[in-house]
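Here it is, the structure, as structure tokens.
When the chains are written out, they are named A, B and C in that same order, and each has its own residue count from 1.
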Amino acid sequence: MKNKFLRIISLCLCAMLATAAFAACQSQSSDTAAPAQPAAPAADAPAADVPQSAGDAMTLNVMTLWARDNSENIPTALRARIAQFQEENPHVTVVEEGIGDQTAYYTRLTTLAAGNDLPDVFVSRGSELSMFAQAGVVAPLDDILNSRPAWRDGFVDGAFGDLTSNGSIYAIPYSMLSTHVIYYNSSLLSEAGFDSFPQTWPEFMDMIAKLNANGVTPIALGNREQWVANSCVLSTLGDRFTGSDWFRSIISGDGAQWTDPEFVSALAALQEMSNAGAFNSDMNSIDNDQQKTLFYNGSAAMFMEGSWAIGAVVDDAPADILAATKVAVLPAVNGGKGNPRSMSGGSGSGLAVGIGALQDDAKMAVIAEFLEFVLGEGYSMEIAAKGEPTAFSVTGYDKSNVSELAALYAEMASSLAFSPIYDSFLNPAVNGVINEGLQELLINVITPQDLAERIQAESNRN
Amino acid sequence: MNNSSVHAPNSYLRHLGSSIGALLLNIAMLAFSITCIFPIVWIMYSSLKTKDEFMLDIMSLPGSLNFDNYYTAFVEGEMHVYFANSIFNSVVTVLIVIFLSFCVGYALSRYQFRGRNVIYTLFLAGMMIPVYSLLVPLFIQFKTLNLTDKMGTLILPYVAIRLPLAIFLFESFVRTIPRELDEAAYIDGAHTFFTMWRIIFPLCKPVTSTVLILAFLDTWNEFPFALVLITQRSLRTLPVGLTDFYGQFTAEYTTLMAALVLSMLPVMIVYLAFRKQIIQGMTAGAVKG
Amino acid sequence: MQPNNAASIKPRKAVLAALLLPGVAIYVFITIIPLFTAFGYSLTNWAIGPNRDFIGFDNYVRLMGDSVFWQAFRNNLVIVAGNLIVQMGIAFLLTVLFMSRAMRGKEFHRTVIFLPVVLSAVVVGFIWQMVYSNNFGMLNAVLRSLNMDSLIRLWLDDPKQVIYSVTLPLIWQYLGVPLMIFMSAVQGISKEVYEVCEIDGATGVKKAIYITFPLIYSSMKVAVMLSISSNMLVFSHILVLTGGGPGTSSMVLALYSYSTSFTRMQLGYGSAIAIGVFILSFGLVLIFKKLAEVGQSE
């Protein structure tokens, strides 16, 4: 009797488990692909006072990767615009979910994408965006842009470059950034005999040797999180050797290979820098905040990070270091095919829209309005006045608050072209292999050739 | 117990040797304990420093007591909301875990039945699943059944994840309680549930406290499920709320320290309140020992 | 066995069901069903989104030849061994010492040793980075002041060293857990038994072997299983301290599975790794369980 009871239970269990495993092998059916249900506002949610019954009442879920007390220029300006949008559109309830920790943000984003339940509007980098686009979990935004030509045409050239997949635009950029800026301490450089930043590779390597001789760490590198060496160093160094056409060919898959000698030379140059003592020996165990600390306390002469670090340097560097800080980019390399007057840059990331919203015309209209309002001229004026490079071109903003360092950067940037940011275009899996491999390359655990082959192998798989 | 008593021939020398040994032992022990307590003390006094003081020297004591960080964390950071949610989830989870794991643990240790090994192995298996691999399947499962983003959403996963360890702890403890106790009660006509809860459970105080502390701790600090299954800020738990204090490129360390102190306090209180139970444990009248 | 005893050993079906069903049901719903779903994913080439194709056991073939996976497994074994030998050893030693009279301030130590357990991984990572830091680290400072400069290492940057460097914080932080489990088990030993033994002159070692050990044997098994499971699945500490680097030299199984699924967004292969982790960890625990049963029956 008990036998029977147990047998029935175990049979049921087995059936359930088999169903679970079987269902997992199938593509999701249409019911799970249904539009995201707007979260019902709880009693104490900020949405509580909005009448549910109002005809066109609507909730807009926005997910960002900024902590709520983040005081950087972009999130501050963006949030101010969101608040203003909320005020002017009382029938829409904008619920912003900010997750300040990158790891946490991407855990959540991947889970939502896997369940095809991405929020109405969310921050996304070019890298995963093209994957989302291929999987059909994000909405193309061409119609929105084309129905608002004045707004569309206001964006600077290349603003949508990283955010385009198969000819469609999938996100609206909120800034133009460079991922490669060399912040250098000009007084440490002149102590080593360099009154201006070196313009050739041999000179650059000579400077590294002289800085070392002076007991200064030439370049502070904090690569624990692995993206710094890829995004802030290799993207530009690689381009110096290969030129941007090579990278475009990699992305479109028309022939270029990671194992091409130009790219291998770029990896070799990076390894050579490391062997020449260009970086601090604990480069793989400190992060990009700590690399700035080494620069601030004068023990390192340079660090390489994106244009976003300007604000941090201005806020946190001691006055004498700040006064000596200047900006540069890597010099030309011998026999390089790339434009030496370029730096890796682009919009990098932007606001994307989950596919669920596409099923609801009213919602899509609100989203279009929202994006134009939040990422339009008003927002761009505001961040431009703080010295941030904008994706939407604006003129006549108040320049009095722009810091000296930001002005230096703007001056340099105006004479430089942008080359592609590797990790904005590459698939996350390939990025992972490059990131991991660069750590090994920097400590001589892998040869440039082997790393190139490893990247190619991962690239073939995708 | 055992009769292998050895009488020392030279008890004076041995005594001297052992007291030097004891001294060294106590010094080593003290040193170790200091490493255990220092981080917490450090976080506590750092939370009272200003940001500039902290940046200047991370080890120094605060110049003056400055509770602004707590105000920022608790009021401006809306930590009170997260705090309430975490308390709710942890308390409910712990109560259910103790109830269910004692039931299962008791059954597993007292009864021989078909399928006993299957159930035992099933729970053992649960301790070996990388929790992140459950995130996507569980999220889709919860979404399909419309269980996400509710007040009680997290209770089920929390209970389930804590069950195996709690069951094994109860099972191994009940096993050491003489079976005669149950049998005597059974002969007296007591119902199984009565025997279980009125006679055996009170004897399990030390292990109940252990389960309580560990389950509370794990639930209080749980991160991935809370991150994925909850969207509304008003339902967020502390660990997810704490990510608010780690900026993307900047970090307000002193506010973070204050938030960390607030987040550690309940666990420490629960631990300090219940650890006495572990030590005192078996009360007079127990058959054991 | 007497007939009336048998009754208590073979309970009524309904009683048994009432005791077991609620727990088992919740548990199966939350862990076992999703585990099978994850197994289903592992048979596909799923990256993200609604589309995926069934590819049979290709992911598992790839897994068998994946050097990072096996490196991560070796690293996990180092961490498990370190914790089982060092942490369990110290916890047992302390349990014995707490029963002896030589130890002063037992109350204080007992309370304090558990405290690091309440720290979050982020905090522990931050603290140990300060310990290991190359220029400002406490460890190197201590070594320098003791004139033992030859022992100074790049604790977190040397690929041969790093796995040991990440094991130590785990041993330190979670020492309180086995200790608490052991302490709750020895409470059954009455003071009198111990004192009688001391009068008899039984040495500490004898007491440990003949009294303490047998009494906590059963709890020790639980503590060992817990240690194996938590160290086979260790994740956030490694993520915070090294992220698995440099390269993959401190990569562990759970982190590899996580980053494949969530950072590289390869949910199919990531699930296959997770199932691999599950099988290896479960296998390890079953081997241990067999050994423990053999040990007990002797």
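FYI, a residue touches a chain if its C-beta (ideal position, glycine included) is under 8 Å from a C-beta of that chain, and two chains touch if they have at least 3 such contacts.
In this text, all values refer to a predicted model and were calculated from it rather than measured experimentally.
Novice: For this assembly, give the contact graph shape among line, ring, star, complete and other.
Specialist: The chain contacts form a complete graph, every chain touching every other.
Novice: With chain centres set to the mean of the C-alpha atoms, which chain is at the far end from chain C?
Specialist: It is A.
Novice: Across the interfaces B-C and A-C, which one involves more C-beta pairs in contact?
Specialist: Greater number of contacting C-beta pairs: B-C.
Novice: How many angstrom lie between the CA centroids of chain A and chain B, rounded to a whole number?
Specialist: 38
Novice: When the C-alpha atoms of chain B and chain C are each averaged to a single point, how far apart are the two points in Å?
Specialist: The computed centroid separation for chain B versus chain C comes out at 15 Å.
Novice: So the centre of each chain is just the mean of its C-alpha atoms; given that, what is the distance between chain A and chain C in Å?
Specialist: From the centre of chain A to the centre of chain C is 36 Å.
Novice: Mind pulling the residue numbers of chain A that touch at least two other chains?
Specialist: 2, 20, 24, 32, 107, 110-111, 114
Novice: Hey, what residues on chain C touch two or more of the other chains?
Specialist: In chain C, the residues touching two or more other chains are 28, 32-34, 37-38, 41, 261-262, 267.
Novice: I need the residues of chain B touching at least two other chains; which ones are they?
Specialist: Each of 113, 132, 136-137, 140, 223, 246 in chain B touches at least two other chains.
Novice: Show me the residue ranges of chain C that touch chain B in the complex, using the header's touch definition.
Specialist: Spelled out, the residues of chain C in touch with chain B are 4-5, 7-12, 15-16, 18-20, 22-24, 26-35, 37-38, 41, 97, 102-105, 108-120, 122-124, 127, 130, 172, 176-177, 180-181, 183-185, 187-190, 193, 196-197, 200-203, 206, 210-211, 215, 218-219, 221-222, 225-226, 229, 232-233, 235-236, 253-254, 257-258, 261-262, 267, 270-271, 274-275, 277-278, 281-282, 285-286, 289.
Novice: Touching chain A in the complex: which residues of chain C?
Specialist: Within the complex, chain C touches chain A at residues 13, 17, 28, 32-34, 36-41, 43-44, 46-52, 54, 129, 132-135, 154-157, 159, 239, 242-249, 259-267.
Novice: Can you check the complex and tell me which residues of chain B touch chain A?
Specialist: My answer: residues 55, 72, 76-78, 81, 113-115, 118, 132, 135-137, 139-140, 143-144, 149, 151, 223-224, 227-228, 231-235, 240, 243-252, 255.
Novice: Sort out for me which residues of chain A touch chain C in the complex.
Specialist: Its residues touching chain C are 1-2, 5, 13, 16-18, 20-28, 32-33, 103, 106-107, 110-111, 113-114, 116, 128, 131-132, 134-137, 224-226, 280-286, 299, 428-429, 431-432, 436-437, 439-440, 442-443, 445-446.
Novice: Quick check: in the complex, which residue numbers of chain A touch chain B?
Specialist: By the definition above, chain A touches chain B via 2-3, 6, 10, 20, 24, 32, 39, 41-42, 44-46, 61, 65-72, 95, 97-102, 104, 107-108, 110-112, 114-115, 117, 288-289, 308-309, 312, 316.
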